[in-house]
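Listed after this line are the structures, all set down as structure tokens.
One chain, subunit A, links the two complexes that follow: it is found with subunit B in the first and with subunit C in the second.
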Partner chain A sequence: MTAPGLGSAVAAELDKLRTLPAMLLALAGTIVAGAALGSAFAAAAVAGRVALTATEATLATVPYLQAGMLVVGAWPFTHEYAGSQIRSTLAAMPRRPRLLVAKTIATLVAAGLTAAGTVAVTWAAGAITLRAHGIPEGDVGLGSLVGAVGYLLLMGLLAAGVALLVHHLVPTLVTTLSVVMIASPLLAAQSEHARWLPDRAAQQLYAATDAVLTPGTGSLVALGWVMAIGGIAALRFVRRDA
Partner chain B sequence: MIDIEQLVKRHGARTVLDRVGFQAAPGRVTAFLGPNGAGKSSTLRILVGLDRADGGHALVAGRRYSELAAPLRTVGSMLDGSGAHRSRTARAHLAWVARSNGIGGHRIAEVLDRVGLTDHARARVGSYSLGMGQRLGLAAALLGEPEVLVLDEPVNGLDPEGIRWIRGLLRGHADAGGTVLLSSHLMSEVAGLADDIVMIAGGRIVASGPLDEVTSGYADLEDAFFALTDAEASR
Partner chain C sequence: MRLIRAVSAELSKCLTLPGGRAGIAVAMLGSIALTVLNAMTARRALASGQPELIASASPFETAFAAMPLGTVGAVVLGVIAIGSEYTPNSPDAGGGRQIGTTLTALPQRIGLLSAKAVAVVLLVVGIAAVTLPVSIGVARLIVGEFAVESVSVAEAVVRCLGGTLYWTLTGLMALAITTLTRSATVPLIVLIMNNSLVSFSLLLTNLTSLAHWLPDLAGRRLFTGIDTVDGGLDAVPGAWVMAAWTVALLLVAGAVLRRRDA
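And now, the complex of A and B:
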């Protein structure tokens, strides 16, 4: 037998996510919600005689679907602290920096799959709904769809960072949902500085409307938030008693 | 082989462990005894790398726990309960634990059988009784066929039959050359099982050595325990 390395740690972390019912539910729930919303937005456009492409319908659903991504991003870290599993994890993988890298990779895989799956299914549902009414789905605009996947992935990572800091699901969701669903729209109505909030900045990835930020700089700003929150949380995780 | 030397742990101004030192040798069952809050769990948590010591060291097979490349193949530990998420099945829990340390998948069925959970392997851990949770924790500890077993209050929640079973298991492990360190606050649990005794009270070791040495001059282990730990408490 050879000594287990990072590969074994990543495989173990992926195993944990695969066998956690709540994680699968969050993943599937986000994708199903995407299908329902994509179809609903397309149907509403048809009923209102508004011209809409399947891609536009998909992008319109993103602000709602991010809630699912927050749950998907939070679970890998918070479920460790529901009960005593964290002790098993640290006993099995005592090198904490390596454990964190493995956990982050597993979270990226899960959040990436959810984001890509959700955007693909949402677009397909929108296109099928439009076609059912004899309307073509229009230009695909792959760039903005990929941007939407990137945005959703960043929101998942943001929740993961907060989750590592606060350890529990409910406070993680309360914090992140308040920022993206309440604080962000309220601040945006008041001040142009709201563009620096993680969700506003990342939105440039699929809706480049800002005067200052581009998709590139916007995603960097959002990534900066993730790194700052995750960095503080990681330092604490590595140094503190479990 | 477990080697603990001059271990110090502070929580703020309070000294939880005051230069704690003892050894647990291969082929022997070492019982770590003390009242609740005496420092047993703190010592074991440092030993398996959960907490950091403020001084001294705790070594397993000559190395710090975090330096072990595949720790579960050297040390099996159980600290308070199953250590599994309640919505996972026992099998799924053991599967990720095995994977993390490069332990072959065939071991999962073997340890489930060993602890008597084969029929409940696909049930969610949340549906387990306290005793079944203890058995699952023990299964995880045995997974990597470790030389050393570290168990914090292992008989908690077990019924009389379970207690008898775990005593047999630990005795067998030591007789096969393994090292067993178990903590307990109940004398009756360890009398007749332990070869060596380490007593802790108020964060200090008050006695350690072979069972007959520690109990010599006292009626029994319980008598020795109260005499030695009360002496520390009244200091």
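And now, the complex of A and C:
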């Protein structure tokens, strides 16, 4: 019997994600959180009489929403280790590099859908809240919204890389949340070198404020982190016992 | 006697679980490493005559800036202490959960939760007792002759104790919340995020001033200086509010744990 091709492997991985309740919960939770946060930011601006466009409200929610993306990115690479499913998967698909590529594509699809859906819903919630108070939603600024989707996607990939390395959801979340939420702002307050951290670099995609990094180089730096972590993890996954 | 044995059992669980060790490592090594980095930046800035580049020339403030990492460690310990009981084993080993064994060994559920709470308090206080003096010492050593200490010893002791109290209460709340959820994922996300700059509680303060009575915001003056948001409660009443939240959450967790099937 020959190993399945890449197409069927991707289809299998997508099927797993589609039928995993925790994955759907994470996806739906991120989108719902986006809607709630989007209207919360808009409502706070209305109450405080601050001018805010729906796009600005959306960008303000991104640091919160990345937590959901970390879960969405981590699940595809951890759920099979909760039991012995990884062994069934490897029996069905012994070509490990091909399996990894399939998993990565499936993760990209899931994380991309979540990121795009969340940003769209968040913007809509912000715009509706502003309209409800009789305030126009302002310029769309599609570029920064697309940047926000890109940022969220990169954070999902970062979690996926760490997840492939440590195999379990809880340690993945502790590591990535601590780095992105706690360590990165603390370091940024102290040292300009913090701009090279994955989340700081990727932030240039939707908030280009850095003196050195541009949206392009920033996302490359973040992608470099993902490739470095994921590359080591992938090497180990391919070479070692399951 | 029974409580002492139960506490030592819970301590040994926390100390041998990889997650527990990770929590301790984040709080101790993470804080110290961040302090080293901060102190080196401070030293460079002060040595080159640019004190405006850094927040403060005080070694105490430099070390204290790493406090949020200790909170993460306390959250991880509190979550792991009870969350690990509910994690299913590998299906090859029967797929059971440790809580069954634990309750067979110690059927008094309130006793179990108390033992876990005492273990979390001991660990967090122990971490603080090592981390804070070491961090401050390291900061003093690195910043060296450029240091301008603006914090008196008495104030430093009070703030260290306040920070330790904040860590401890946070760890206990993590324990109580995870007892209710029986899963580590959601409490970890919510509690770690709430201790970051993008805290949900902080966002709520924009909508209603009642949010200042939420536990993490009520207690934040225990840090003083870290969080510069105006308004809210002073340190002492804030600490009481935070402690009241912790006790209430632990009581609810105890009642639920006692009534519910494991």
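Note that in this section the second predicted complex is superposed on the first by the 238 of 242 C-alpha atoms of A that agree within 3 Å, B and C clash if a C-alpha of one lies under 4 Å from a C-alpha of the other, contacts with A are read in each partner's own complex, and residues count from 1 in each chain.
Basically, a contact is a pair of C-beta atoms (placed from the backbone, for glycine too) under 8 Å apart; a residue touches a chain by one contact, two chains touch by 3 or more.
Remember, predicted model here, so these are calculated numbers, not experimental data.
Chemist: Using the superposition on subunit A, tell me whether subunit B and subunit C clash or fit.
Modeler: fit
Chemist: Considering only the touch criterion stated at the top, classify A:Gly134 as touching first (subunit B), second (subunit C), both, or neither.
Modeler: neither
Chemist: Going by the contact rule set out at the top, does A:Asp15 touch subunit B (first), subunit C (second), both, or neither?
Modeler: first
Chemist: Check the residue A:Asp241 against both partner chains and state whether it touches subunit B (first), subunit C (second), both, or neither.
Modeler: After superposition on chain A, A:Asp241 lies in contact with subunit B alone.
Chemist: Which partner does A:Gly83 contact after superposing on A: first (subunit B), second (subunit C), both, neither?
Modeler: both
Chemist: Under the superposition described above, what is the C-alpha centre angle at subunit A formed with subunit B and subunit C, rounded in steps of 10 degrees?
Modeler: 90
Chemist: Output check: A:Pro94 vs subunit B and subunit C. Expected answer is one of first, second, both, neither. What do you get?
Modeler: first
Chemist: So, does A:Leu177 touch the first partner subunit B, the second partner subunit C, both, or neither?
Modeler: second
Chemist: So, does A:Ala3 touch the first partner subunit B, the second partner subunit C, both, or neither?
Modeler: Once the two structures are laid over each other on A, A:Ala3 reaches subunit B alone.
Chemist: Just to confirm the value: shortest Cα separation between subunit B and subunit C in the superposed three-chain model, in whole Å.
Modeler: Minimum over all C-alpha pairs of subunit B and subunit C: 6 Å.
Chemist: Which positions of subunit A sit in both the subunit B and the subunit C interface?
Modeler: Touching subunit B in the first complex and subunit C in the second, residues 82-84 of subunit A appear in both lists.
Chemist: Applying the document's contact rule, which stretches of subunit B touch subunit A when the two form their complex?
Modeler: So the residues of subunit B touching subunit A come out as 45, 48-52, 65-66, 68-73, 77, 79-89, 92-93, 95-97, 99-102, 140.
Chemist: Which subunit A residues qualify as touching subunit B in the complex?
Modeler: Contact set of subunit A toward subunit B: 1-4, 8-9, 11-13, 15-16, 19-22, 79-80, 82-85, 87-88, 90-95, 239, 241-242.
Chemist: Can you tell me which positions in subunit C touch subunit A when the two form their complex?
Modeler: 18-19, 22-23, 26, 30, 34, 37-38, 41-42, 54-55, 65-66, 68-69, 72, 76, 83, 88, 90-92, 95, 184-185, 188-189, 192-193, 195-198, 200, 203-204, 206-207
Chemist: What part of subunit A is in contact with subunit C in the complex they form?
Modeler: 37, 40-41, 43-44, 47-48, 63-64, 67, 71, 82-84, 169-171, 173-174, 177-178, 181-183, 185-187, 189-191
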